[in-house]
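A short write-up of the structure that comes next.
First chain written, first letter: the chains are A, B and C, and each begins at residue 1.
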């Protein structure tokens, strides 16, 4: 049996003096799309960054595809990619340069960049500095980077925020395609009711704990 | 030991250690101030040396010990190792401050200036600056694990800096790098009875150091367990028992 | 797992399909180091205003010190190496802080840390960029300092001064890169960085100043060599220590 994509056991995490996560136990099978909901400051980003190996749990354990993120963070990182709220691109580099950097960092072929920029609708702005981009365009660039990596686990932090309708449809398409390829997706979003999304589960993060939201359609 | 540290009482061995270090400190002070002969060149001023030299040595030892606990923390992430590292860092700061003060006291009457850019004194002053940086960073990080990791790293850097700072300070004074490495002191020969008094004072200072650090670790442990109870960050873990499963 | 593929998604995988669940190709570490260094230098060049300001900052420091020291030629000669390296150190701290500042905007550094590459490779890339930048700065500022202070250089200066610049800025860059990463997400970063760094780089400053001094108004290559060894040893030890410890300071 293949190990679950995400396995969290008793995960807590302090941020400053606050205990943001107070014991999260979660198991997500590979190939699922899970939407994570919760008010502002509920700890959605904390949970995503923790899965992305950027934050270490204060206690508890986290495994991605059976890989312990504390013991083998580099191996875990090889399986995941994240779209952060701000897009995560360098402002004084152009869109193309940002993607080329991603190619070098991930060992991907540089030839893919042109097609990806087209895919996310940034072909015309490819050589403009990201500084001049709107936040929606930055989001699209972040999405292109994620497409380039095409990791086994997609961590999406508010992917729909700041995007126009066209952009939101793009996210829907990309998500559906990744799902069709058997990828696991965890998406922090307020828009779990998007028509075409149909997540396998909707989770609610409240008071540092996680539970299945009643609205969630369970597989 | 474990039981007594739980209820917050000071264990017997620690009290005995405190008494022993106090007693030996008294003996050392008596020998230094009254029993030992005045120096041929420096007269009674040499008596400062009996306090100054042991204190300086302990300061460096404390940095080394703190760095070792820091490395252990980085290796096995046990909060108690951070407590031990900080206890030794406290001692290092205290003893190196005393060393700088002692050195200035010593150089005013002998060399008629408070600051001489003497190699070892300069080295100690730099160490004080490095340790102050350590505490500033500790004060800025609230998350305990990251604080412990980062401060362990800084202490390792401080330890690595000591030989370089020593060489730099030594060569700075002599203005020449070639004829310098003279780790045994200034080459002054010491009468055997003075050396004996010095060694007794070194042991006394060592006991004070061990007592200070042990007491500091004990207090740190108490703070650690009460912080744990307050935030419940270890108790919170197994509480739910409900795993959210998405199959 | 599903074998279904959306045709357009294939754009993302022109390098050929990869086995399910297999980790992607390990990027060659050299490629990573160079990519990070190129990115940092490109940023430095693009933020031209900041770069020019840093350069002028060191030039202004030289002039200020020249005024403060008076017009006694002998004094200026004695002070020139020290003033040069103080000016470089100040400029170096500013640029190291700036470099990480642009990294932190928009969460780009966070993204950089998500790639499956060793933290040490990222450290090396940033170090390389910092080192090249500081060396270039030194190459521009040193002649200005020598001219302003009317320094007569000894015969051995043509290789001692460049060697001092290379080794001195290397030691400096190692510490600056390391501490810039350590302080990246702390408050009061700009003030904190010099406070933490300067006590560590005392041997670098001293070695660089003394090595430069050895070829000012005289030409004592052997004396300079001793100090250069100190600089080399410092650079080597901290290079190893800081590359090994970098992941402890950037991970949260």
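The definition used in the following text is that a contact is a pair of C-beta atoms (placed from the backbone, for glycine too) under 8 Å apart; a residue touches a chain by one contact, two chains touch by 3 or more.
Given the structure is predicted, the values throughout are model-derived calculations rather than measurements.
Measuring from the average of all protein CA coordinates, the nearest chain centre is that of C. Two chain pairs are in question, A-C and B-C; the one with more C-beta pairs in contact is A-C. Separating the centre of chain A from that of chain B, both taken as means of CA atoms, is a distance of 46 Å.
Chain centres here are Cα means. That of chain B falls 32 Å from that of chain C. For chain B, the set of residues touching two or more other chains reads 143. Contacts with at least two other chains are made by residues 56 of chain A. Multi-chain contact residues of chain C (touching two or more other chains): 251-252.
Interface of chain C with chain A (complex): residues 1-6, 8-9, 11-15, 20-21, 23-28, 31-32, 34-36, 39, 42-43, 46-47, 102-103, 105-108, 110-118, 251-252.
Every residue of chain A that touches chain C in the complex is listed here, in rising order: 2, 30-31, 49, 52-56, 65, 73-75, 77-82, 84-93, 97, 101-102, 104-109, 111-112, 115-116, 118-119, 129-130, 138, 145, 147-152, 173-174, 176-182.
Within the complex, the chain B residues that touch chain C are 74, 126, 129-130, 132-133, 136-137, 140-141, 143, 146, 149-150, 152-154, 156-157, 160-161, 164-165, 167-168, 171-172, 175-178. Only residues 142-145, 231-234, 236-247 of chain B touch chain A when the two sit together in their complex. Per the touch definition, chain A reaches chain B in the complex via residues 9-12, 14-17, 19, 22-23, 25-29, 32, 34, 56, 58-60, 200-201, 203, 209-212, 218-219.
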